[in-house]
Structures are given as C-alpha cells and as structure tokens.
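Can you keep this structure in mind? I'll have questions shortly.
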Amino acid sequence: MASLQQPAAPANERSYWGNVWQAVKSTAVGLGITFRYLWSKPFTVQYPDEKLPTDDRYRGIHYLEQDLCIYCQACAKACPVDCISMDAKRHGKELEWNFFRVDYQKCMFCELCVYPCPKDCIHMGREYALVAEDRSEFVLELTTWQGLTEAQKVRVAEAEAKKAAKKAAKKAAAAAKEDKEGEEK
Amino acid sequence: MSALLPFAAAGNGLTDWLAGLFPAGVPFWILGLLGAVIAFALIMVFVSVLAMFSTWLERKVAGHIQVRYGPMRVGGWHGWAQAIADGVKLLIKEDIVLADADRALFKIAPCLVLGAALAAFVALPFGPNAIVADLDLGVFFILAVSSVTTLGVIMAGWGSNNKWSLYGAMREAAQVASYEIPLGLSLMMPVMYYGSLSLHRAGEMQADWFGLHWYVFSDSFWLAIPSFILFFTAALAETKRSPFDLPESESELVAGFHTEYSGIRFSFFFMEEYAAMYLMSAVGTAFWFGAWNFPGLELLAGSALYAPLAVTVFVVKSMILVFVMMWVRWTVPRIRIDQVMTMGYKYLTPLCLILVFLASVWEWAKAALTGA
Amino acid sequence: MAKDATRDTAWGPVEIHREAARAAADALRSAGCPVELHEPNLPTYAPPGEGKRLAKKHKEENPEYEWRGDSYLLLTDRLRLLEVARFLRDELGYDMLIDATAVDFDAADDHLWAVYQLLALGRKTRLTLKTMVPKADCRIDSLVPVWPAANWHEREAAEMFGIVYTGHPDPRPLLLPEDWVGHPLRKDYQYPDEYHGISCK
Amino acid sequence: MDDTTMERPLREGERLVELDVRTQDVEINMGPQHPATHGVLRVLLRADGEILTGAQSHLGYLHRCAEKIGESVDWLQYLPYTDRYDYLSAMNNNLAYSLAVEKLLGIEVPERAQYIRVILAELNRICSHLVAVGTYGLDIGAFTPFFYALRERELLLDIFEKICGARLTYAFIRPGGLMNDAPAGWTDQVRAFTDLFERKWREYWDLLVDNKIFVERTANVGVISEEQAIAWGCTGPMLRGSGVDWDLRRDQPYLVYDRLDFEVVVGQGYRGTVGDCFDRNYVRMYEMLESNRIVRQCLEQMPEGEIQHPEVGLVLRPAPGEAYVGIENPRGELGHYLVSDGNKIARRLRVRGPSFSNLALAEHLLPGCMLADAAAIIGSVDIVVGETDR
C-alpha cells in the first residue's frame, strides 16, 4: 500500500488562515470517523451473559488427571512461585491422596508445571474466572477424591493379602525348615 | 414534557396565569413568590430529568463511538435506568467534607454553580408561550447569569484545599473570562439580524417560510454559519466541554475542581455541566435554528397540541446540539491552557469582530435597500 | 540466503564485538591506561547427554574455573576509570553508556565488579568495561560527567551493592526506600525480619 | 509563548520598574496515583502557575526485586518473571532473556523457531505501540483512539492466545526455542491481521495524529536533541525520534532480521522540531507498519521444522561465564547481563530496561514546560513502570 509509506516532512503550515483551516479540516475528518463508528456494531460483548470462547491452549485453572499422577513432585519443583503443594501416602504401588493444592494467589499461569510432568497428567484448563470472598478460597484442591478409591482399596487389600500370604508362606517355610533341622539334630 | 404544560398554557408570564387563578386583591408579591417557586420547581425537575437523560446519552454516545455498548444492565432496554441508579447512588452516598477544606466555600460552591445555571433557564423560550420571563435582554441575561458558575467553580477549587483543584479553578477563571468575549460577539450577528436581544422574539421572527425561516437559512446564511461555528466553539469553552475541559482535565488535573467532591455535591456539578450544555444549545437553537419552529407546526396553531409540540421541537433541536457537543468531546484531544487563550484572543475574537463588521454592513445595506 | 557480515549468531554479532574489544584494548594500552583484555571462549554446547553435566565437568577439568562468554576489558586501576571512560568516549567513539551495574560474584570475594556496557553508534560495536571495587573501600568514580546516562544506573547500583560513586550529583536511593537497611544484591545480604512493622518472612 | 518575553535595550527616557511581587512556587505530587503517569510513578513537580520550574521522579513503587529473584530461581523458572518487567511487550522480554541464556549456553535455535520468534516479537511490538499511541491519546485528552487501538490489540491477543494460551504474560519464547509449535490455522490468522491492520492504521492517523489539536499539543514540546538522547542512553523510539538512525534489528541483527527488508523509522521533525513529542509518536506509528511488513515477510519465508533445540532440557546449566544480549524492544534496548557460575541458578541477572534510561531524561525535559505538557512528555516517553522499577 503505497499510501502508507512514510511521507516527507511537510512545510510547517503555521500561517493564521492555515491554522484555522487545519483545525477545521482535521476536526471534521475526526468527526467523520467517529460518526461512522457511532452506528457500527460494537466490538465488545456483554461479558457474563456472553462469553468469548477461550482457545484450546488457553492457560486457565489447572485440572489434574488424578489417576495418572504418580506423586513425583516434578510440577511442584518446576513451579517458580511454589504454588503447588501435594501430599499422598504410598501403599506399595497405590497412592492414598491427601491433597494436591494449587494456590491461585501465587499462580501466574506460566504453564511451567505442565512440561516436566512424566505422566502428562497436569494440564492448564480453560476456566479463568475465580472469585472468592476470602483469600483461603483461592487455594484450590485439584484432587477429585481423597484417600483411597474403592478399586484402590481392593487392590491394596489384595496386595496386602498377597504380602501377608507371602510372609506366612515364608514363615511356614522357615518353620518347616527349623522343624526339619530339629529333626535332623 | 408534561411538567411544562401549565407553562405552555400560562401565556406570557407565570404571574399573569396565577393571577387568573386567585381572586382579585391578592398582593402581587404573593403571586410573584408563588410563581417563582413554581418556576423553580419546574426548572429543577426539567434540569434533573435533562441531566439524567444527558448522562445516559453521553455514555451511550461515548460507548458506541468507542465500539462498545455503554451501560446495558440497569433497567432493561440499553440500560435506560442507569442514570437514575447513579443519581440514587450519589444521593445516598456519604457527603465528605475534607477536614482542611474551607468549609463554607466548599459547601456553598456546588449550590452556587447549580443555582446560576438554573437561573439562566428563566429566559429560555421553550415554546411560543412557554417562557418564564420574556426579558428584553434575554440572551444578555443568560450570558451574565451563567458566568456566575465560574465563581462557584473558583470557590470549589479554593475551598477544596487541593492543588489540583486550585489549578482547575484558575484555569476555569482564565478560560471562561476569556471566552465571554467571543461568545458575546458571536451572538451579535443574530442579534443584529433580529434587532433584539430577546430569544423569544428571535423565535417569533423565524416562523415564516412555513416554519423554515431559520437564521441559518435566511439571506444572512453566509454570516449565520460561521458565526454559529464560532458561537459553538466558544460555547464549548464556556461549558468546559472537551476540547476545552481544562478545569477538570482528568489526565492532567486528576478531576480538576471537583476532585474532592462526592455524593450530592458532586452531582450538583454534574447537573450544572449538563444544564449549561443544554443552555448553550438552547441559545444556539433559538438564535440560529429556528427555536420552536418546524415545518408543519404552524398548521396546528390554536390546537391543544400546538404548545407541547412546539416545546418538544425546541427541546429536541437543543438536544441535537447537545449531542454534537458530546460527539465532539469523544473525537478531539484536549487543548493546552495557553492554546486556549491563543484561540480565544487571537482567533475567535478577531474572527468574530470581522463577522460583526460584515454583519453590520450587511444589515445596514439590507435596511437601506429595502428602505426599512 | 546469504548471511550478513554483521551477524554471526542468532543472538547477535559476536566477532565484531571481540574485534572491537581488541582494538580498544590496544588503543587504551598505547595511551598508557592499565587495562587487560579478557577473551574467554564462547560457550559451546556439549554434545547430547553431556550438557547437563557441563558445570561439573568444567569444575573437574578446570579447577581454576574456565570463564566463558563475551570478551571484556578489565581496568586494573579503578582510580583511572574517569580517564579511561573519557578516552573511550572521545577517542574510540563509545558515545552511549547502555548499562552500569555491579556484580557480587561470591560473598567470599574481597571485591565487587563494576560493569559498564558501552555502545558505539557510529561503529556499531559494543564493549564491556569492568573494574574491581574492593569491598573494604567500596568507592569508585561516578561516570555521570562522562555519560549522564550513568545517573540512575549508578544510583541503583549504589543502593543495591553499597558502592559509593564519588562525584555523583544526586546520590539518593532510587528504587528502595530511603531508610532501607543493607544492600540487597550483595551475596552476604541478610533479609530483614520486618520493615516498619510489616513482617517480611 | 514565543513572543511573551521581549528583552530589548532601554530607549531614551524609559526606565525599568521592578515590581516587588513575591511569588512562591507550588509543589505538586503527580502520582503515585495519577491518570497520566502510566502506573505508580511519582513525579514531584514544582510549578510557577502553569509553568513548571522543576521536576523529580521518584521510583520504586513497583519494585518487585526481579534481579534478586533471578538469583534464586532456575534459569527457566525465571522466564515468567521476564514477562513482568514490561508487561505490554512480554514476548520481547521473553526473547531478550532467552537469547541471553542461549548465548551463555552457546546454542542457536532452529530456523523455524527463529522465524516464529520474529513474528511474535513484531506482533508484540505492534501490540505495545498500539497501547503506547492509544494511551498517549488519553494523556492528551482524546479517548476514542485508545479504544480503537485496543480493538486491534484484542485481535493480536487472540493470536497470542491461540499460539501460547496466555494473553498478556506469555512465558512462551523459552531458552532453547519455543514452548509450542504454531497450531493449525495460526499463520492464516496472522496474515488476516496484517491485512486488516494497514486499513485500521489510517484511522489512528486521521483521528489522532493528524488532528490539529494533537499536533499543537505535541509538536515542539519536550524536544530532545540528538546529543542529549545519546548522552542519556535513550534507546528505541526515544532515540530514533531524536533523529538518530539506530535500530538493533538492523545494526546488530539477531535472529533472522538480517534477511528481512524493513526501514528504520527516524523522526524528521514532521510537524515541528526533530525530537519533539510528535516525532516520538510518529516513529511509533510508522514502526507499526514496518513491523507489519516484517511479519508478512516472515510468514512467506518461514520454513517447516523443529521449534526446539534438541539438547535443551528444562533444567539449564550454562557454562560459567557471562553474556550480555540487548535486543530492540518496543521501548528500546532491553539488555540482559547474565553471570553464571555453572549452576542451575544465575549468579547475577541484570536487567537493563529501556524505560528506565528513557525516564531518567524525562524529568530534565519538564522544567520550562507547562503543566499540561508534563502529561504529554511523560506519555511520549512511553514508560512502563513495571520496567523502570523491575
């Protein structure tokens, strides 16, 4: 667009009638532009009633795929502001979740917690409005369940039973061995 | 508008109408006082409604010019009740008077400002008969009284004990005092044309040509149009509207002279601003744009509809000019104080003087040619 | 696509600045100024797998710390800073002081570095000028008479590192409150427990 | 004001009368909360009526210890903090920091990443200049251009949101490349914007910059001479507005700027003196168009490929050493001077913000101007207090 190239500096029009003319002309041009926009459709939306869609990559409030999480703390370590805190108890392979909290007073939505995750289980969500009456309410709990799920309980019980059985078997074997040794003596 | 109906029916002068209602022998001062109270009440109601409507309109105009909506929530259709909500909020808000303020001046200032603006409405012809007092010096009275607001602004600026407010007040003083001159001079052209300072007479004289014999369409149109532009520019400065809103320029003086005001006192300044805008627009309408005259309106003369319609025409015409003021405000940047002075003294005043000279020659020549 | 001669890396020209540093060092030496030219190697990225252990390797291989990066001029006698600065500006065309700051590399060190980034608009070169400021006598000449740009940078360095810039026209603290205790960017800085009744922990 | 003071020798019979008028200057606080100081900057003004007789900036209200934080977080963890110095040009800040870390690491990012970086940096420059020009209008008293500028900025923010997910503080250009590749349809969106923008640009020019009142308010106000700009270390539009033909993108090219064809816009006293407020604004206006051109060329030249250097992980350990990289931010040269001791945390992280140096000069421009010019001059410097205070 040739018209948008930088123009050469004009002679500084500073004569009396030049000033009058420029003032009237430039104001008229401006009034024309604003008048056109007066009748155009507004660009904004009525926010709470009408929400613009956020993009797929939008960085909003996190969501956690809790069943994938292995409690490795990689996200918490990567966080520049230490806003992620988590606690879980390990039962062998199973995790008994206590909490997984993100403090949204600190969080700056930089997405650095998402990259180091080995299981790809923490994501930036698309929610952005977070309103609370108390500061403590900005600390969100991302887990959907605490403690053990029923399935986990079953698995833990099975594992423990297995362990106990193994132990018992070992004990029995040891006892048997002892008996045997005793008999031999 | 219904509030103005008794006016319209009143004939020329409220006291005459009142005299008819009371038995003869009631002292004149009682009628006068009663008339004054009624007139004040009517003007107050009119100005309140006007200010509410204007704030709403201003915000809608600003919004739509700026590709947004403006207020949309309160009251349903395009937030029409927003101004009422704002008014109620301002009324019930705490009235803060600063500890270090000059309390007397601080409290008097808003009343003085609004009072002066209201007083000027007395001489406005809303319709052929709807005028509180048809003064022979009508427009002179309006100019004189409305410039009293400056005093109030200076009191507010000084009384606030805030440096920004003081700056606002000083600017107001300099600006309004300067622009009285071009404002008065630009009114000389229509005054010479009509041969009268009365706005009511100006309205009557523009009734010919099927209601279109407005000053801007008359044989003096080549004087009318530039003189109106000059008048309008000076009126913008007089009413502290952008680009001449230096006394309250928010990017420099925070909020200028009303920085420290809140609640009802603030709303007085607010109402004054819109009242002054309307006042200047009404003077412009009365002198340049045919006052209450409109094609076809004459046909209704004598019917009951005539008076209210005439008032409506006048108010609508004035509101169009108010709209132009708003439109200008949301288009142009703000002038610096020395440029305001330059513009007033080096541009508007000389141009007005040139026009006054031309107009006097023209009117003289017309009179000489027609042998009047 | 032909590469411009002024650019040799994606992060900007390097060779030109090295060349400029050499030239400046020669000129300063011949003018009798006590400067040393330091030309560390440019950092090279280790092959895959070794990158993360780079620092460790460096320490093992070079107990003395191999220093890498931009070449710089080290002024050995800090008392002649003003003279050197004038020479750089007037004779060598370094007409712009981009940055003046200080570095406290280690709490155990007995000196700070005062670091100046210079830019020659005409020759399109940069130069880093460094000098040592002993912590025991933490004062150095202000460069405001040479480059007014040093004004705020020196004020900031003064409050952050406790360097006294002698001859500075306006030595008030800039970013910190007037009554702030300590110099926060020193490595031995102790965080205050409270400031005007506000707990800092 | 030009013909108010006339000093001439006394004529015959004249005598000079000195009036014993004692006036006292007013001291006014402009800020920390003031509409024209663009954030929490406090300028203490001394004024004789409307004429300013002195000015002094007080900084530090927004000091967030960026450099101290830099000495306590990882190299990569510092990235989100760079967004926050000049929050209007966060992409450029990311880029400046990433380039400095890459220099320490000794790596060059893949070509596609370089092109996307340039596109993002230039779009971000438009974004930042739109706010600069718009808020400058606000300072002068014109409200509407600000909203038009924000409208186009919104489209840009959508573009940024699409590629990185954030709208203001991106943390997207990271040492070693980019956080993510451009999604499908992104380049089309950018191209559509570049076409639209040239049309809309004309509106700002007609409505604001060409307006007589705007010209009167800015021309011959706050004139910075070439020597002054250089001596005070002004960079960016401040320097170019004063007529110095200097642009790091051309004179010390980084990334792929040496392959792109663009003009360096220099103030030429378009409406008044070279180096006045109008020229600085003029430079910003035309730089937007040049950035638009650069974006177009990048879209054409951009190759396919990787966007991340293969060996750069999430924990960086640059070799012991130091690096200074300065790039052309919308407001001037943003330099990072990094000192590493080979650990995963910086030893010293110095940020040289352009607004910081530019503002240092501003207070020297104010005395002698009018009170309203204070807003015009501080606005034309276009500071972001997040950067002056860091």
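The chains carry the letters A, B, C and D, assigned in the order they are written, with residues numbered from 1 in each.
In this section, contacts are C-beta pairs under 8 Å (C-beta built on N, C-alpha and C of every residue); 3 or more make two chains touch, one makes a residue touch a chain.
Every value quoted in this text rests on a predicted model; they were computed, and no experiment measured them.
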Two chains sharing the most C-beta contacts: C-D
Innermost chain by mean C-alpha position: D
Approximate Å spacing (C-alpha centroids) for the pair subunit A, subunit B: 57
Inter-centroid spacing, subunit D versus subunit C (mean Cα positions, whole Å): 24
Intercentroid distance (Cα basis), subunit C paired with subunit A, Å: 39
Interchain centroid distance [CA atoms averaged], subunit A/subunit D, Å: 31
Multi-chain contact sites of subunit A, meaning residues that touch two or more partners: 19, 27, 30, 33-34, 37, 43
Numbers and ranges of subunit C residues touching at least 2 other chains: none
Multi-partner residues of subunit D (each touching 2 or more other chains): 144, 148, 151, 207, 211, 213
Every chain pair in contact, whichever chains are involved: A-B, A-D, B-D, C-D
Contact footprint of subunit D on subunit A as seen in their complex: 1, 3-4, 6-10, 12, 19, 22-23, 25-27, 29-30, 33-34, 37, 43, 54-59, 78-80, 108-112, 115-116, 124
Subunit D to subunit B touching residues, read off their complex: 1, 26, 28, 34-36, 49-50, 137-144, 147-148, 151, 207-208, 211, 213-214, 216-217, 370-375
Residues on subunit D engaged by subunit C in the complex (per definition of touch): 59-60, 63, 65, 67-68, 71, 99-100, 102-109, 114, 230-233, 235, 244, 246, 248, 251-259, 310-313, 315, 317-327, 333, 335, 337, 339, 341-343, 347-348, 350, 352, 356-357, 359-361, 389-390
Residue ranges of subunit C in contact with subunit D within the complex: 1, 3-4, 6-7, 9-13, 40, 42-45, 47-48, 51-56, 58-59, 65-70, 72, 95-99, 101, 103-105, 115, 117, 121, 124, 126, 128, 147-149, 151-153, 160, 174-177, 184-185
Interface residues, subunit B side, partner subunit D - complex: 62, 65-68, 163-164, 167, 170, 242-243, 245-246, 249-252, 254, 330-339
